[in-house]
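Below you'll find the structure, written out as structure tokens, and then a few comments.
Letters A, B, C and D name the chains as they come in the text, with residue numbers starting at 1 for each one.
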Amino acid sequence: MTNFKQIEENLKKEAKKLLEAGSVAVVLAYTKGADEKHPQPFAAKKADDVANIIFNEYCNHNLARYIVRYAPGTKIAVAVKAADSRAVVVLIQEEKIKRENLILLGIPVSGMKNQKTGEIIDEKTTGGLTNPVVYDVLLGEEIHTGKPVSPYTVLEQYEKMDKDARFAFWKAQFDKCIRCYACRKACPMCYCDPCFIDQTKPRWADKSPQSHGNLMYHLTRFQHLAGRCIDCGECTRACPVDIPLYLFHKKVAKDCEEMFKQAAGMKIEDKLVMVDFRVEDSDKILE
Amino acid sequence: MEFEPKILGIACNWCTYTGADLAGTTRLKYPQNLRVVRVMCSSRINPSFIFRAFQLGADGVLVGGCHPGDCHYNTGNLYARRRLAVTKKILDFAGLEPSRFRVEWISASEGNKFAEVVKEFTEHVQILGPQTKFKIAGVS
Amino acid sequence: MSIATPFLEMSQAIVDAGGEALKKCYQCGTCTGTCPWTPITHFNIRMLVRMSQLGLEGIEDNMWGCSTCKFCVDRCPRGVEIIDLVRAIRSVYSMGGMLPQSLRAFVGSMSARGNPWSGDQEKRNDWAKGKYPLYTADKEYLNWTCCTSAFDPRNVHVAKATAALLDAAGLSWGLPSTAVNCCGESLSKVGDSELFERLKTNNLQFFDNNEVKKMIVASPHCLDTFTKQYGRDYKVIHLSELLADLIKAGKLTPKKDLGGIKVTYHDPCYLGRHNQVYDAPREVLQAIPGIDFIEMGRNREQSMCCGGGGGGLWMEKMKGERLSDLRIEEALATGATVLATACPYCITMFEDSVRTLNAEDKIKIKDVAELLLESLDINVAEPVADVCTTS
Amino acid sequence: MSRIGVFVCHCGLNIAKTVRVSELVEFARTLPDVVVAEEYKFMCSTPGQELIQNDIKKYKLDRVIVAACSPLMHEKTFRKVIAATGLNQYLLTIVNVREQTSWVTSDIEVGTAKGKALINGAVYRARLLSPLVSRVIDVNPDIVVVGGGIAGIQAALELADTGKQVYLVEKSPTIGGHMAQFDKTFPTLDCSACILTPKMDAVLQHKNIKMMTYCEVTEVKGYVGNFDIIVKQKARYVDHDKCNACLACTEKCPGKGVSEWDEGLAKKKAISIPFPQAVPQKPVIDRDSCTFFLKGKCRLCEKVCEQKAIDFEQQDTFVNIKAGAIIVATGYDLMDTKPLVQYGYGKLPGVYSALEVERLFNSAGPTGGKVTLRDGSEPKSIAILHCIGSRDKNNHEHCSRVCCMYSLKFAHLFKEKTSADVYQFYIDMRAAGKGYEEFYNRIIEEDVKFIRGKGARITESKEEPGRLVVEAEDTITTKFINLPVDMVVLSPAIVPRADAKDVQRMFNLSSDKHGFFMERHPKLAPLSTMTEGVFIAGVCQGPKDIPDTVAQALGAAAEVLTIVSKDKMELEATTAIVNPAVCCGCQNCVRVCPYGAPSFNEQKNVCEINEALCKGCGQCAAACPTSAIIARHFTNEQVLAEIEGLMEY
């Protein structure tokens, strides 16, 4: 089990060092919220802020979400768990941020918990990873459980479903959507401003929370996140009506990995699969 | 009465649209359930067009582009291939029969192929029956 | 000059019977130029197509010449499926009762007894003398015995050799029960599609009931029918291919030196051109010690026809109009003392020719399997297996 | 609110036969914003055009929909029609009720129903169209002609005579192409060299032609009016600026190669010119047969060259050319008939292919113009086999078009040069051309024997070793012909060049199912291609004879002049632009554009598109997640509206 206290200490120490030395303008980490189960993202800007930093098993927020809020060129340190680090990699690939402006404080962790249900989320939404894929400082020992978890096992029961049943399942889910857009707010990849759904030219879908508008919103969002979603699961945890969006994202990620032989956000040098091609891509992917 | 599906075609100007014209010039007969939208390149096709077409009542959507390697814009169809492959997977996981959406490479000289594909696809969609899952209630 | 009136209804009837291809022909004569019968008989395949295009009188006198060797189909610049056309023509006319005398016995036997040799169906497995098991679903292979191998005294030897080889290789196999009948290949080429369907249904019943997955056939004609006309998902392997594989896998090792005999090989049309098996039988022959293998001038894709296909086996041909005679002469010219082949029809045709040409002491006709068995040095008089079943 | 006029064409009965035109008109009148709908027999005719123009004025139309033939056919015509009234040409919408409706159904109910759906879609789309202003660009007046055969030569000369600068790029060391290999040309039998070599020389002498032999185009960028072309000059190992064409090197050279020019029937020196009349008259070294390159020593040519022109260190070089238009005239290959084992080509020495025979007739050929077999003897009996690999599903389905005629020419020349009996094995004689039937008659009268039946097989004669036997059916008498001959000439299929696929990609052409380059329209734009500014001429477009090739070359030259004779030209206005207000700066457009048109503006954090580089494919618009990119004339709104309209009926 991860020693959360130890990581918190190391995080504070590193943050302090960086802020004191002035090597970063801000350290993105977590701080106390309403209670232990609801920590908040936190931007430490002075050495004194460091005292407020915490880290526990409920610190799920993907801090990569907040990097793009700072002006280009700002030096930023970010605490990154496995999925967060992948989000950072995608943002670098997409040229939203530059690697040299980042100091990545890597957190190897297992045993993170869902704030609402308290269940351990490792196998569901971390892409099966426990260690960050890229970092400058590691705040704990790398974790090697020896048993690699397939991030896609959870999909099996849905893949097996009959099409009509699957449609009914998703229809019921999407019909719940109240269009609060918490999913896109939580998503580190959803930095579009404005989002396609807020457009008036064209108006892609109805803006009120109705069945068909919801379907259009979600399906298009899945398409836009294809090859980019890094399976942090934040969309799902943010959802007030508990739509298991992560399942759909995971399925698209799985298909992309099978078709294009590459998982999102694993290596900075990788090309973005949806704005790339290979001449030898098979027509089979269209079958 | 036999079910007459509505099929949306989106064809690139240089290959498939021209191929479709050739099918006409050579007076090949094929089912007329297909209505073709002309775009300059298959890569122009925004995946949301496909979702939208199904919402607007399409029973099938057929996209036609140049053969890979023969794109008028060199590589457009190679990007399109990836983009539309993902679209198809999304339709599938959402529970829509993925075979209602088809991408075919049909060159300007393949009038025959165009007619055959349309015939075969129309028959296929006919067997699948009306598409009701995505269709917005009330659209004709 | 005689007067002819196009009779397009007849042409249409041929099209309806599966002869659609006649529309494509542009009468270049490549087929006639390629046809093995052209130099020796009056049969003119192009003219047959021409007459069918216009429905001219005289089709019925010309339609029996073809032995469906497929040479013309491979060469046709228009991609006309000439064999389908011949079958359609024959079917149209034999429905009208225009069957030549020599084929009546053949069709009659097929109809009454389910095999072409007027054999008693119950005795289909008698050659095995009860020494080999019947096929059951737990066995790997069904060893399908061609009617010709089962009833024709010469070809029975091939059936026996086959069984001995399969046992020697330690395969799990069984024979079909006597409920089966002829695959129907020649019957379908003769144009009796109704009777063909009857035979096919009966055989399929056996295959389905016994869950046949893999089948060994010694006759390329059975091979062709089972793979192309029966529409089931089992695997059909020609004996020569199986033997070549068994030798490669070390399960059969030819040891006995045959003493430097000169052997040439005749490609059966239905094994070669129809099913593209050219190498396997040659590999088997070349694996046998003491065989000096020589090719005839016309081999593989260019191979000559024996004349036995398309019902030819049951038709009388005058001396000088027999392809098998020409082929024997060709084989003799190579200096070979054994003409090997891999088809019971070819064997029958060649044995006849060897006799009528008085060449019995100059050349022997052998199935590839028989030669292989000789070099394995197993006594074939009695089956090696001691499994006992009822037939 | 827009004011739409809908004009439905009968196209005689072409449309009206399977589409009830009046019903479409009635239907159109019920659609939103449609203020007038009319029908006419031939909308593209002058009265039809006037009908549209009058209605635009009368009803103050601001959108025009023409339901007629394919937009690929008459979109330009109707754009001009409406532009003449002052209406922006991009406010036109064409509905394809002919090629994609009336011609592909035989059921008038079905045709009419589809026509309605298409018109409905067009109305929805038309309402959202915007006027667009065409871009005007400068035109580079220079021209590149690719291929130095008769087509390329003729086009280059024609263009150069108008004062334009022409670059003639030829792959082999000399211009002239296949025509230079021939001895005589049908049906007039004029000597090929006599009509061609003066033209080759004219190319060399012309001050406006830059002849680039032994060169290949390796890259084509840009667009009509402004092409950027990279040409590779293959190393000749001879400095042609210094070489004075004395050819002392060739005399001394010990290296022996095979002469492609003589179709492998003769040897050539490693340093040589392909044939005595070659242009330029300057040699190149063939690395594959040069003793120095093979063994590391020799350099005899270097020693004898007084001009010091030999340069073994020479490398391939690359030249950049800018041009306003391009003519592709890359010619053809003859099919390799070796795989057709029944004809024994390559195995039986008496079997020749057509081009080999051309060389045998040629006085500059390997036999000095004498018809002799490989053993030096004169054939006494000759068979010419037509349609070898042509009109053949197993090989090439097309008719090679010139074989009948050159086979007749061969027959004549055989009769003239030998005392042989000559036989033609043919399927159908095709002699449609000026003077061709007369030529056929002449050859018949020269006592050439015609056997109607395709040659089925060539074998070696058993009775007379060394002779050949042609087996075929004479389909007229239904007799099987076994004809002993000394020589067999195969007339193989004419096929696209082995590298046609590469050329096609480089110039962005389409090809037909046989691999020949495809014209924009088989009747109305036979020399244009799908790429503006690139034209095709000669056999690369399909088999044809010399008169047709020359006519195409001249036509292509005229087409080119319509572009390069003006300093400026209008380009399609259908490019993409970025709406900076909604651009999120993701740069997907930058990543997917094949032309580098979009770029990222870091200051503004938005992408921008350089319209001059944009070719209007619209790919960026599909890749843009925020719909910030407007693919003009194919905007998201327009396409969606059209889809909606089409799906309504």
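In this section, a contact is a pair of C-beta atoms (placed from the backbone, for glycine too) under 8 Å apart; a residue touches a chain by one contact, two chains touch by 3 or more.
Keep in mind it's a predicted model, so treat the numbers as computed, not measured.
K.L.:
Going only through chains that touch each other, what is the minimum step count from chain A to chain C?
P.N.:
The least step count works out to 2.
K.L.:
So which chain is farthest from chain C, going by the mean of the CA atoms in each chain?
P.N.:
The chain lying farthest from chain C is A.
K.L.:
Using the touch rule from the top, work out which pair, A-B or A-D, shares more C-beta pairs.
P.N.:
A-B
K.L.:
If you average the CA atoms of chain A and of chain B, how many Å lie between those two points?
P.N.:
34
K.L.:
Please tell me the distance, in whole Å, between the geometric centres of chain A and chain D computed from their C-alpha atoms.
P.N.:
53
K.L.:
Which integer distance in Å separates the CA centroid of chain C from that of chain D?
P.N.:
50
K.L.:
At which residue positions does chain B touch at least two other chains?
P.N.:
47, 52, 69, 75, 79, 83
K.L.:
Give me the residues of chain A that touch two or more other chains.
P.N.:
196, 204, 274-276 - these are the residues of chain A that touch more than one other chain.
K.L.:
Tell me, which residues of chain D touch at least two other chains?
P.N.:
In chain D, residues 592, 623, 636, 640 touch at least two other chains, as defined above.
K.L.:
Considering only which chains touch which, how would you classify the arrangement: line, ring, star, complete or other?
P.N.:
Contact map by chain: other.
K.L.:
Okay, what are all the chain pairs that touch?
P.N.:
Result of the pairwise touch check is A-B, A-D, B-D, C-D.
K.L.:
Under the definition above, what is the set of chain A residues touching chain B in their complex?
P.N.:
Per the stated touch rule, the residues are 158, 163-171, 196, 204, 212, 215-216, 219-220, 222-223, 226-227, 248, 251-252, 255-256, 259-260, 273-279, 281, 283, 285-286.
K.L.:
Once bound in the complex, which stretches of chain D touch chain B?
P.N.:
70-73, 96, 98-101, 103-107, 110-111, 113-114, 117-118, 121, 504-505, 508, 510-513, 518, 522, 530-531, 574, 592, 594-595, 615-619, 621-623, 631, 634, 636, 639-640, 642-644, 646-649
K.L.:
Spell out the part of chain B that touches chain D in their complex, as residue ranges.
P.N.:
6, 8, 13-15, 17-18, 20-21, 23-25, 27-30, 32, 35-41, 43-47, 49, 52-53, 56-58, 69-70, 72-76, 79-80, 83, 107-110, 115, 139-140
K.L.:
Please output the residues of chain A touching chain D within their complex, sorted ascending.
P.N.:
Result: residues 72, 94-96, 191-196, 199, 201-202, 204, 224, 272, 274-276 of chain A touch chain D.
K.L.:
Please give the residue numbers of chain C that touch chain D in the complex, ascending.
P.N.:
Counting only chain C, the residues touching chain D are 26-30, 32-34, 38-39, 44, 46-47, 74-79, 301-302.
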